[in-house]
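Two complexes follow with subunit A in common, the first pairing it with subunit B and the second with subunit C.
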Partner chain A sequence: MRRRLGWGFWLALGWIALVLAGAAAADLLPLPRYDETLAGPPQSGPGPDHPFGTDGLGRDVLSRVVYGARVSLGVGVGAVVLGLLIGAPLGVLAGYRRRATDAVIMGFNDVALAFPALVFALAVVAFAGASLVNVLIVLGVLGVPAWVRLVRGATMVFSEREFVAAARVLGARDRTVLWREIVPNVSLPVASYAFIGMAVAIVAEGSLAFLGLSVQAPTPTWGGLINEGRPLMENAPHVVLVPSVVMFLTVLAFNLLGDRLRALTDVRQSGLEPVRRRRADRLPAQPHHVEEGVLLQVADLRTHFTTVRGTVRAVDGVSFTLERGRTLAIVGESGSGKSMLIRSILGLAPDAGTLRGGSVYLDGQDLTELDGEQLRRILGTRLAAVFQDPMTALNPVRTIGAQVMEPLTVHLGMKRGAARARAAELLASVGIPEPARALRRYPHQLSGGMRQRVTIAMALSCGPDVLFADEPTTALDVTVQDQVLRLIRRQREERHMAVVLVSHDLSVVAEWADEVIVMYAGKVVERGPAATLFERTRMPYTEALLRAVPKLTDPAHHPLRLLPGRPPDLAAPPSGCAFHPRCPYARERCTQEEPPLFQAEVPDHLYACWYPVGTGAGVVETSGISGTAEALKAAETTGADETTDAIEGADSRGR
Partner chain B sequence: MAGSGNAHLRPSGEVVLRVEDLVVEFPAGGGRSVHAVSGVSFDVARGETLGIVGESGCGKSTTARALMQLPPPLGGSVRLDGVELTTLRGEALRRTRRRLQMVFQDPISSLNPRRRVRDIVAEGPRVWGAGADRVDEMLTAVGLDPATAATRRPHEFSGGQCQRVSIARALVLEPEVVICDEPVSALDVSVQAQILALLEELKERYRLTLVFIAHDLAVVKNVSDRILVMYLGKVCELAPGDALVERPAHPYTRALLASIPRGGLGLPPADRLISGEPPSPVTPPSGCRFRTRCPAATPLCAAEEPVMRPIGADHWVACHHPHGGEGNGAGGLDGAAG
Partner chain C sequence: MILRLVRLLLVLLVVTFLSYLLLNLLPGDPTTQILGLSASEEAREQLRRELSLDDPLFTRYLAWLGELVAGDLGTSYTTSVPVTEALAERLPVTLELLVAAQLVALGLALPIGVAAARRAGRPLDQVLTALSFGLLSTPVFVLGVLLILVFAVKWQVLPATGWTPISLDLGWNLTSVLLPAVTLGCAQTAVYARLLRTDLIATLQEDYITLARARGLSPRRILWRHALRPSAISLVTAVGLNLGALIGGAVIIETLFGLPGVGRLIVDSIFARDYLTVQGGVVLISVGYVLVNFAVDLVYVAVDPRIRRA
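Let's turn to the complex of A and B:
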């Protein structure tokens, strides 16, 4: 989609276009010549004949600024173009070839960088004279080392990308790889820096002119005009002010253009970013019953974002309760809202453009009513969290010890010595060998599995009641995953706490959770005890997910049951049941009415489906729908109850 | 694990890709080196899918790059239809490229963001001066609409669709062997199933030979005829998928299976089959590289590196003390002749 450039960009572009046009068409404009003395009374202020007044010799200031733009812009643009012409090929070569080529080019480059720029400028001007061309060459050549570095860096980034490897695998020659794969990618960031470089060159030319080292009088340049106006500052300040302001605006405009272009290359916006808006608003509350004696109750929790493309219902009316000693798993594909649900419970969802609703009760206390300070006291002590990537959760420049001790000293008020001893105990309890030594190490010195153990130790440090683990093993190897999940379960039992485990992996959930919530498009679509949910699945989405996962017990080349399509666009979810476009059992009603959560025959097993699988309701009149042909064939040839068994049998065999 | 040895290689007439004693090392600073791949051998018969499975650091992706000669390996041999690739350089190497193609892990990073999807797929034929007539056919074959692909850039597609583009790009040159390096690891389960099914379908239709690399054993088993298990730059076990899952012989294979949730199949808990942390590939253990974490390790394992030997029909293991081997009844050497 098209990205907004903002009015500042267009204003800046307009100004530069105006100055460029003025400089190019200066001879055609109805202006006095820049060197025509006594075109008006000397040192007169702005007036109808001379909009920007006249200087000490009675020359028209507007005319001198417009003609001065020729030198200033010419040098600004020319120096950058010259610098890039020399620097870019060298940078691309150094960044792509690496090794010896890189070493030689960068060696020369570093020497060139060390050369004093002003001395070089003085020398050239002294020997060759201060003509426009010479100044342009001086500034252009001085810029080369910076361009080499910039282009080399960008080239190196892109030449490590897999699409470059892919092009070489296709048999493309280096020349082709450079032209088609690397240069187009490097050119946009370089173009953005080129604008900033032009601003720098204009300022540099101004400084040289101010020192009298640029193009000599009577040819006007902006720096020269400022210099000439300096003695008149008290009587005729406009002589200095006008070129100063014009130069300031031009430099600002170039910087703004460069900045905006660079932002374009940095971010790939999807249109789903929350709009910049006041703080979070509350959605109207739904009446709900507060359960007695329950550790954690989430009631009708909603988190909506206002975005450019509309309201995104990331979490939309989620309710559940959780007791001590239990593990609740939240499972779903990317974009199902499972991670945002955790963040919403913990009060960590972003503020800007957010609409919130519902309540989170911890031992009957509503956390959504608390202010920031009160909530902070609960986070880390009673509620703790472990996230997917342990490397981003740990500060790379602080030791493990400092980080594990921090919650102990901050929340529990321990003295340093006691905190250190406790930290070592904690590390030992999560299975880190030689804990005293580990305390002195930095995160990068540990393996991924060990880092995740450290974040778990930190989360456990204040004895939380609920541990939230958001994809805690997704970044880890399967043998390490087993160790980490085993550790979390052991800690849950020892500390008698509850665990909320977020995962995309159904087999992890089936193995490690007591209760399961399946999310789709921000909503709970099925919920129940793990064994029941996987063996007596009711929601077609859960069924489809289970069947899409290859199983170890299936023979090789066993055809997978496909779940067509992909998760819905949350800014424009389908009408009715959000799953209906992908559902093999969907009928008219599913496209119009959103199903509520129905109670299945097993207590606490809920599902949101008009025609649930395994009950007979979903398998009538569905012949001819592809995707679940096997089950449907079974449904046609047998009674509905046997179908249930057939489907479930297939699944439990599958696991 | 270990091991080395070439006993498991088949006569060269049957195989299209034959890799012997592959060695890849990277400089690690201070004159030391990372032993990423140390003497790996395997072969792939025409029309077969070889799965390579292992955890991070086992060298499976490095092996893929070495097969592609990106860069050429430090040692060993890679033969494609009998042609040695490791000694080819420059133009001669480039000419063999189209016969060996690759699908990468990251569907986003493996497509040039500034090019249109159709141009990305058409790049291969363009490089080789062939017409673009196969491009639309390939796009359709991977389930994309050529008209949409002609105007859109990769970021307008989902991860699964980008992976379809990658597959089309690899197949458009009609390669003999396609190496898939973790092609579904970055995808949601529903999309993963779609891509796996697509690979199976295309393999059938274009009679492809595949090397399928992944860390997920269930995924590898679903698409592979034979599976090679790797650990720390060495091969552990090679067997057809069913045999590997039902009768894992190498202690590491057993630990890997037991670690998979719901994958244990009667194995003891994983924490009794594997202990500790993977050793550094800069200073790998002597002998069998798995011995430092293996419950069955003996002094022999430190002294002598095990080599691949038969333990069942087309079932090979590099271990001094394989499970079910030597008098334990199961397997045995009888079936090994075939």
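Let's turn to the complex of A and C:
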């Protein structure tokens, strides 16, 4: 707890404690009274008798600031308590009851929030009289709407959680549920906002006092002291500076406390964010041989991230080649590194905390050696990408036309008119009706399938040689999926380009791909021609993936078949073969030695396994480390591992 | 749209009603408060009739509202100037201050927010974030005093107080509005820069930004054409919502820098016990605030295609 709050928190707490103690014990301190005139010579600077000097009437500045803290802190704390006392019950009621109660309370609240608060406070104090009580009441009441909103929000979040729902179902009385379950849970956000509210109230009281509309003289207040010091600014700036600095520090301290407490409720940090230290470093790569006449060659590609929890090997030594007119499929569970592989090939992996290695050759030219400008030219014209979710792949605030035309004008140097005509052709070629009209529309006006067609049209706009499609159909309806895949295949044939298709859906892969790469924990574990790989599977992981494919013989609404076990934690992958904790054939050797890629009997078919299936090697012993039945049970109770998903997300999180 | 209008009317009714209610907060006999202790019994009786103090509250409010709509806020008993006239004379100053402050705030926040977002987590971002936090914690009058101390007292490059109307001399007008506008705009700068930074960081992680990079577009083009636009739209709402804080600050700034605006008029009138003028000023500010927020809402709908319905 201490470390997460940070030293700023404790410093701020210390300062507030100091000011509070000073205000409370002001009468006991060896200070002249705040209203004692000529305690020293007027307007004298800081000295031994008066550490912060004296004001125009020779009163001790330190003493006045200490006494002034009574009003400032008193109003700050008092206003928050008052606002909370009125606002919290209303907020809990609105958040817990919902419906009519909620609507009424929030309706009032919205109206109340539509006020310029300080002006109203000013007017009320002006009419009702400037006194401590009036100031406190006004500031407290003006804080109510914010409290209602905050408490309502927090209550709503928690009353939806299972434990509250469960308590309700069990018939617990509403009041019991409120006190036992909700109140403890909303207290942290409330505490956080209480400190910020105090800062706000202190500033507001200071503003009123500065205008002469808070507690009246001779009682000192910080705002009043600053106002008094103004005419002396030229000769005795300390008179105005001391209360200014004290006030600033106090407000800062309260804000800091609130901010740090709020950060505590933030659970976004998982320890897997890339550590931002330096720009990308290179990893040493295996020596390899650049093949001639091949369109795309990926050689020993590595992308590692330095995180708080250690090095995450998201892509770890992947190699393959791809010819024109062919489709390569990359399969694996989410978190296996397949999306990161695509981004690494395209140079889109985040920069910070990243270690890279290996090469990507396009027609023999190493893309990893290019500078930004050169790479951008190739990205725009020769390589293209389509991502999974068409809802997020298009910029929501730019028209389809602006987005489709952009690569045409930027990379091909087309004039606007020509680009517009070409964009319309492109949209027509991917099957979008009324392309000229579609150009003027915004993404949200199109359906998901239409949007994915648009992203494909954009990807194809400059006539790429390789199209990278990262799960292009996963987010779409089944009927639309097939259309989109057909579209990609037709374009591949017409343009004689190569396609890299990332998918976790093996039925799709079997139908559309020529070659297949199976990835596990950032590595290639099996690779080969599609037909061979599915018929003569060697790697147990591939076998497990194949088993998980829904079959036509499954009854309708059959629960999704899950792979037994959890995907590996990439920050701490298992020793030896990374698949061994989930592998039914695993033996002693698998836990210690990592299997290299073996050549199967069919040329170009490679697998990484000591005891490959279908060869008899795997059934000699039956004492597997984890039996399938147990693993399946584990999978049912745990589900997918979140930490590996975080890695998949890392590519979009960093830059 | 109809709903919005109904809501606007409702809010306006509540705001004006509360402003009217202010007079009832006066302790004791309002006529004594307004006219002073020395006022004659006849004068009080006349005021009593003018304000129809014997009628029930709601009737009085409706009558007052009718006059308000007609543009009549009464005549000050202290200065004998119609309140509407006094306000109209002061309004341009306040408007200029507010607009200048917003320009300063947005002008500073844009580069700061963009710079911080592009280097999120690196030293420059941390420094800018800490600075914003500090600025947010500085009360506007403290900042004003400090700026006066530095620019007007120490370096003597800008005037500490005074106002030259725009009709008299544009150059001097700008000089006199510069320091107040910077003071008022600074706190907003922190608010806007923070907002822009957070929004921009989120936007830069969107798929459409990664895909724009995959299309080989330059980082600068991506930032300005692709990322800034959705983020700028969120900023529009913030500008409206922060107007309340800005108006509150304007009252203080006008007093601090001696600018003859509405805020100063209200404060001066408070001390002169010129209650009708105070009330008029409050009505003007709150109604103006509600109307501007309404307009911002409309602008928001107009510029964001995500909520604009085809």
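A few comments on the model shown:
Simple rule for what comes next: the second predicted complex is superposed on the first by the 458 of 655 C-alpha atoms of A that agree within 3 Å, B and C clash if a C-alpha of one lies under 4 Å from a C-alpha of the other, contacts with A are read in each partner's own complex, and residues count from 1 in each chain.
FYI, contacts are C-beta pairs under 8 Å (C-beta built on N, C-alpha and C of every residue); 3 or more make two chains touch, one makes a residue touch a chain.
Just so you know, these numbers come straight off a predicted model, no measurement behind them.
Once the two complexes are overlaid on the shared chain, A:A100 sits clear of subunit B and of subunit C alike.
Put simply, more of the residues of subunit A are touched by C, taking subunit B and subunit C as the two choices. After overlaying the two complexes on the shared chain, residue contacts for A:L28 are found with neither subunit B nor subunit C. In the superposition on chain A, the residues of subunit A contacting both subunit B and subunit C are 655. Every residue of subunit B that touches subunit A in the complex is listed here, in rising order: 55-56, 65, 68, 70, 94-95, 97-98, 100-102, 104-106, 109-115, 120, 123-124, 127-128, 155, 158, 160, 166, 169-170, 173, 188-194, 196-197, 200, 215-219, 221-225, 240-242, 245, 255-263, 265, 269-271, 274, 277-278.
Residues 110-111, 114-120, 122-124, 126-129, 199, 203, 206-207, 210-213, 223, 226-227, 229-230, 233-234, 237, 240-241, 244, 247-248, 251-252, 255-256, 259, 276, 343, 346, 348, 352, 372, 375-381, 383-385, 387, 389, 392-399, 406-407, 410-411, 441-442, 444-445, 455, 458-459, 468, 651-653, 655 of subunit A touch subunit C in their complex. On the subunit C side of its complex with subunit A, the touching residues are 7, 10-11, 14-15, 18-19, 22-23, 25-27, 121-122, 133-134, 136-142, 145-146, 148-149, 153, 204-208, 210-219, 221, 225-226, 229-230, 233, 243-245, 247-249, 251-252, 255-256, 266-267, 270-271, 275, 278-279, 282, 285-286, 289-290, 293, 304-306, 308, 310. Chain contact summary for the complex, subunit A toward subunit B: residues 161-163, 165-173, 176, 180-181, 184-185, 188, 268, 333-334, 447-450, 477-483, 485-486, 504-508, 510-512, 544-545, 548-567, 655.
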